[in-house]
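Taking it in order: structure first as structure tokens, then the write-up.
As written, the chain order gives the labels A, B, C, D, E and F, with residue 1 at the start of each chain.
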Amino acid sequence: MATGDELKAALHDLVDRDYTFMHICGTHEAAIARTGLRSVLPEGLKIVMGPGCPVCITPQGEIDAALKFVEKGCIVATYGDLLRVPGTKGSLESSGGDVRVVQGIHKAVEIAEKTPDKEVVFISVGFETTAPTVAATILARPPENFSILSCHRLVPPAMQWLLEQGEASLDGFLLPGHVCVVTGYEEYEQFPVPQVVAGFEAEDILLGLLMLVKQVKEGRHEVENAYPRAVCREGNRKAMDLMYEVFEPVDVEWRGFPVIPKSGLKLRPEFRQYDALEKFGIEIKHVEKHSGCICDQVLRGVAQPTDCKLFGKVCTPRTPVGPCMVSHEGACKIWNLYHVRHL
Amino acid sequence: MATGDELKAALHDLVDRDYTFMHICGTHEAAIARTGLRSVLPEGLKIVMGPGCPVCITPQGEIDAALKFVEKGCIVATYGDLLRVPGTKGSLESSGGDVRVVQGIHKAVEIAEKTPDKEVVFISVGFETTAPTVAATILARPPENFSILSCHRLVPPAMQWLLEQGEASLDGFLLPGHVCVVTGYEEYEQFPVPQVVAGFEAEDILLGLLMLVKQVKEGRHEVENAYPRAVCREGNRKAMDLMYEVFEPVDVEWRGFPVIPKSGLKLRPEFRQYDALEKFGIEIKHVEKHSGCICDQVLRGVAQPTDCKLFGKVCTPRTPVGPCMVSHEGACKIWNLYHVRHL
Amino acid sequence: MCVAVPAEVIEKKDGNIGVVDYGELKQEVRLDLVDVEIGEFVLVHVGFAIQKLSREEGLSTRELFKEVYAAMEE
Amino acid sequence: MCVAVPAEVIEKKDGNIGVVDYGELKQEVRLDLVDVEIGEFVLVHVGFAIQKLSREEGLSTRELFKEVYAAMEE
Amino acid sequence: MKVNLMHGAGGEVMGELLSVITKFENNNAGGIGLESLDDGAVIPVGDQKIVFTTDSHVVHPIFFPGGDIGRIAVSGTVNDLAMMGGRPIALSCAMVIQEGFDVADLERIVASMDAALGEVGASVVTGDTKVLERGSLDGIIINTAGVGVANHVVRDNGLRPGDVIISSGTLGDHGLAIMAHREGFDLGEQIKSDVAPLWGMVERALAAGEIHAMKDPTRGGFANAINEMASKAGVHVEIDEEALPIRTSVRSAAAMLGIDPLEVANEGKTIMGVPADDVEAVLKALRSHKYGKDAAIIGRVTEGSGVVMKTKIGGERFIEAPIGDPVPRVC
Amino acid sequence: MKVNLMHGAGGEVMGELLSVITKFENNNAGGIGLESLDDGAVIPVGDQKIVFTTDSHVVHPIFFPGGDIGRIAVSGTVNDLAMMGGRPIALSCAMVIQEGFDVADLERIVASMDAALGEVGASVVTGDTKVLERGSLDGIIINTAGVGVANHVVRDNGLRPGDVIISSGTLGDHGLAIMAHREGFDLGEQIKSDVAPLWGMVERALAAGEIHAMKDPTRGGFANAINEMASKAGVHVEIDEEALPIRTSVRSAAAMLGIDPLEVANEGKTIMGVPADDVEAVLKALRSHKYGKDAAIIGRVTEGSGVVMKTKIGGERFIEAPIGDPVPRVC
């Protein structure tokens, strides 16, 4: 890998005007924050956040549904990330129910196997990176007392929607490395903007930025790969095939966004027995966002958290108003932690 | 009231040979133990215990049924006395369920009124003293989510059964004062043995004993009343009428005894909606007693707790084997506490 | 069996409810099973008055003893 | 999104299960989504290997930078 | 074996659990240690005798007539120090709080602790707070430990034949206040807990005469405390039923609930063994303090073992440490 | 307002709860009191400086790789005493136990406490036991309070510009051992907690040189401790990411679980501020003890405020006290 010092020097050499790039990956934002990466960028080079955190973009109605399973006495298994996300009435963590943090869906299935007299519902969030793991597990036919609440989302439809809005004056996109591990990046070639697939070490991100600046300067718009040790153009076909064997795309709302066509994943009819919503007769309800929250603009890259009047006052990591203040990968939360306090 | 000293002197004057009287009231035993009454009696005068503790004589199957209501998620309300009585699998206290100690059935009904979304089952033990309070409450038509497990027992059928056995060489009976408050004592006149209704102060009991000794000496066998401030021959007619309006006698097992004809109380058909057994489809199962336990003999007055090989060794108040070691009014428990330790 | 305690009726309320005094301790109890007036004494069991107590009879326990014992003296 | 960590496959078991080493830390992971051999590197996400990592490609990131930067020098 | 509720209720059963829990080889810091199971320990530091004790407090309801968990948490530890002859100096306060607990209630509790501290001139100087998630704790647990300084250490094992047993006041108030106040008995606030920090009163008694043994009759009540004192000292104690100070309201509630007032906790009383010559002076000193005005002679110590009560009827019966917490009974 | 879990996780949020819980007027016994929120309090008794501290311990699971709740209960209090410069003398032990708890587990816990006590020559001299009914507590809570004696009191607010920050060893071990061991991650015993009583090590360091400030990075981890030390002293602290001692296995688990190892508890470490002249000697003393062999210089103190980390890439970012207990994240 190239050293950080070389990359920083190259970027400083190269950047001669203002550039704004968007990443659409919470893990990119977390890495940027953790490594203090913004502090080493040349002036003028800005990274803004897109809708890349699967927890942030899970609408409140889906969290409320998860809480309904708790109420019904189910064991609810999920990733730790979802524990503290507030629904209309509290969070999974404060629900007092039997909520288990698991590493992945296979561990939730193990719980179901061990407690055959209890219903186990797995709250299944995640983008294309995660959905294939769910598909592989469902294909192995888990026991009858197991089901999932599918909150999956697909990245390209959201990116397309963003580009159609055309609000943010973006010079290009840092593509989500781990999504592309699975999907490859062929699908992104349809978008007429500079794009680079990047990994998650500071050096990976610096390299990605360097390649983006170069594309802009050279007037190109294509998809380049700065993460070749993990990503190839075709991705992981086996994983993608499994995903589409089990799921089909569906129109769905994103938190802070309207309904985006074909941007969600629903179990195909032959796997409906694992659909917790159908099994328990629960419907996802749309919940109106708090009026002052500009999360939608933040997630579209047209506003920064500090542009929000509620930021740091009414809306804090402890009393989150919008989704972006909720997740560890949420833009507002990360800004609250790393950018604002003393700078 | 006559003073204790006068009564003691009179008893000592009078007792010239061995006398054995049986009381059939746990509260008598408790009073005797609490006041150290046996220590002031003349030598030769013995008081033995009969089946007078409603907790002791409640068969294990009925406790198991109470635990089933806990399992079914009902709120179980009962008197504190029943909390620690072991069923086949633990006690109400250790069940982890929503078990409420109430002063009486009316408080259980209040709970049902306050929690309309929960079933409330009242575990209803007690002799004729208690059953009318239950009857009065049922007649007022409690809410639909309320029902009772009727474990009631009647005293005279058990006394008749005891007399028919003829094992214990008893000189007479101290009749249960508070049962007779309600029933009066006319019904006891059928039994051809000396009987005296007694109250629960030390002086009341001493007076009762004095009257019993006198009957024996005079060769009489009748029912006399040493508790006239509370008991009259006809009892409380209003209470008895209510009791029989709601309940009908039924053949039933007593813990440590066989089935005694017409010795229990069952809700009459028009009140069956309040019968928890029918409501939840639960049956009382007969549970075999531990082989070494001689509780049945203790309760019939033919053996003392210290005659039992298990007493104080395998069977202690903490690890009760038989019913008599369970209740605060149980013969074995009381002997363990007050008689055996250092004497 | 049956813990029961004497108490004085100090108030009557609607719905067969009365307030009794056990001795520096007052409580509401049910009066369904007895007909009593304020100032009378009752025996209370599981929160219900189960019988009126007669003061005169109560006082006469001493007499009762005297009778019994006197009879024996002979 | 998606925390994923590289690990070396050190054992393969029945039922699409493998043991990986993240660096002084071993764990069983699911191999449903990849075809790998012992000694190869994978990227692990939510307990599943989601892709093989190519060592050669990994090493060539430095080359990639050099290429990119060299191209710019011109 | 599993721990059960009786293991926590004092008396003989609790002894079994204690034998496990006190199996420390490192159990004494050169004074009186864990092995003596007294109200507290004594640690010599320099030329001073430091008294040290702890208690965790769980009370339902947390606010009750006459007090609250905060007042108990301070009084319990102040009193254990006082029972050793120690002037309370500093307390620690460690709260374990359930998620969802009302902060306004915490404020009340802290204010109540502060008031009790003020009565005896002690301070809470160090603390700890843990919050547990819903479902893993019912309400709040407050632990206090206390550090005091004793001029003259008093033990709970010092009864001697010839001693007179004094109770500093009425018995059973706290336990019956709690029970009467619980939902379902509708007795409201008619019985008040006696919870109080006793150092002021004990200090006067210590100055007035010799005290051979002292203990606060908390868990398991008087019945438990007097048995512990008798058995540790290897003496017989005889109690006069008629001399026992018990409030009429407490007696009434005890009768109604089927509970022995000698078996429930007191939180503002001490039981003392005092040599006959000093009884008058000690009694006078106790009665001079607001928390000791009902102090009474309730029995005497002789050679032998066990605790016997002379009943009103002239009978005798043993007073035994209760097994398990008393439960209201009605039949 | 209701108490929530974040109120118990250290940091700024906890501060809000603490402002309620520490609102005692009687908060100081003439030395260092509750107001200073240090690792413990100091009480002058005679010519001695008594150090006093307390902690309640709730750990799930109660037995974990490298230790158990008993070892934590003793180490936590011994370490708080040590952080004040106090030699641990006597501990109290108050257990609140759920009905149904296994007595064999209690025996193991007591033996483990005893072993930890033996390491530093302290004793459990007084105790208390409560048993709660099923459903009102999840497992066991052990409170210990500790009494120690200090020749020279060390505070957690004593950092001065020019001081060097030392960590006595690797960071994140305990927190990640607990998390990795929890059901569902199947990492078994690969990561061991660092739980240990540190007095022996601290004693050597105290003898070797001057220590301006000392704190054990327990709840909230290093991130919380260093922020508290910086803000109490009114100084700026700069940490070198590359100098931080973190085990490879801890790093791996942290990456896999999405957890920052600086935000989880350590139970056998101390963070010190040492004047430059004494750094060598203190470091040598620490490394001479088995619990200090990975001791390292990790940063420095300058004028200003806040804690900043120089990252490997040459960037800068703040280290903030965490909000809420870290939860494993996967996406």
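Simple rule for what comes next: a residue touches a chain if its C-beta (ideal position, glycine included) is under 8 Å from a C-beta of that chain, and two chains touch if they have at least 3 such contacts.
These numbers were taken from a predicted model, which means no experiment stands behind them.
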{"item": "Contacts common to chain C and chain D (chain labels)", "value": "none"}
{"item": "Dominant interface by contact count, named by its two chains", "value": "E-F"}
{"item": "Same-site or different-site touching of chain E by its copy chain F, using the half cut", "value": "same"}
{"item": "Remotest chain, chain C as reference, centres from CA atoms", "value": "D"}
{"item": "Separation of chain A from chain F, taking each centre as the mean of its C-alpha atoms, in whole Å", "value": "35"}
{"item": "Approximate Å spacing (C-alpha centroids) for the pair chain A, chain B", "value": "68"}
{"item": "Between chain E and chain F, centroid-to-centroid distance (C-alpha), Å", "value": "34"}
{"item": "Multi-partner residues of chain B (each touching 2 or more other chains)", "value": "26, 54, 79, 93-94, 103-104, 107, 126, 129-130, 203, 329"}
{"item": "Shared-contact residues (touching 2 or more other chains) in chain C", "value": "1-3, 45-46"}
{"item": "Shared interface positions of chain E, touching two or more other chains", "value": "4-5, 99-100, 133, 135, 185, 258, 329-331"}
{"item": "Pairwise chain contacts, counting only pairs that touch as defined", "value": "A-D, A-E, A-F, B-C, B-E, B-F, C-E, D-F, E-F"}
{"item": "Sites on chain B touched by chain C in the complex", "value": "1-2, 6-7, 10, 13-14, 25-27, 52-54, 79, 103-107, 126-127, 129-130, 132-133, 136-137, 176, 178-179, 181-182, 203-204, 207, 210-211, 214, 226, 228-231, 236, 238-239, 242, 329"}
{"item": "For the chain A and chain F complex, residues of the former touching the latter", "value": "4-5, 8, 26, 33-40, 54-55, 79-81, 83-84, 93-94, 100-104, 107, 125-126, 129-130, 202-203, 206, 317-318, 328-329, 337-338, 341-343"}
{"item": "Of chain F, residues touching chain E in the complex", "value": "1-5, 7-9, 14, 17-18, 20-29, 31-34, 40-41, 43, 45-48, 50, 52-56, 58, 89-90, 92-104, 106-107, 110-111, 113-114, 117-118, 121-133, 135-138, 141, 143, 145, 147, 149"}
{"item": "Contact footprint of chain A on chain F as seen in their complex", "value": "4-6, 13, 183-185, 258, 260, 305-306, 309, 311-318, 320, 323-324, 327-331"}
{"item": "Parts of chain D lying in touch with chain F, wherever the complex brings them together", "value": "1-3, 5, 22-28, 44-46"}
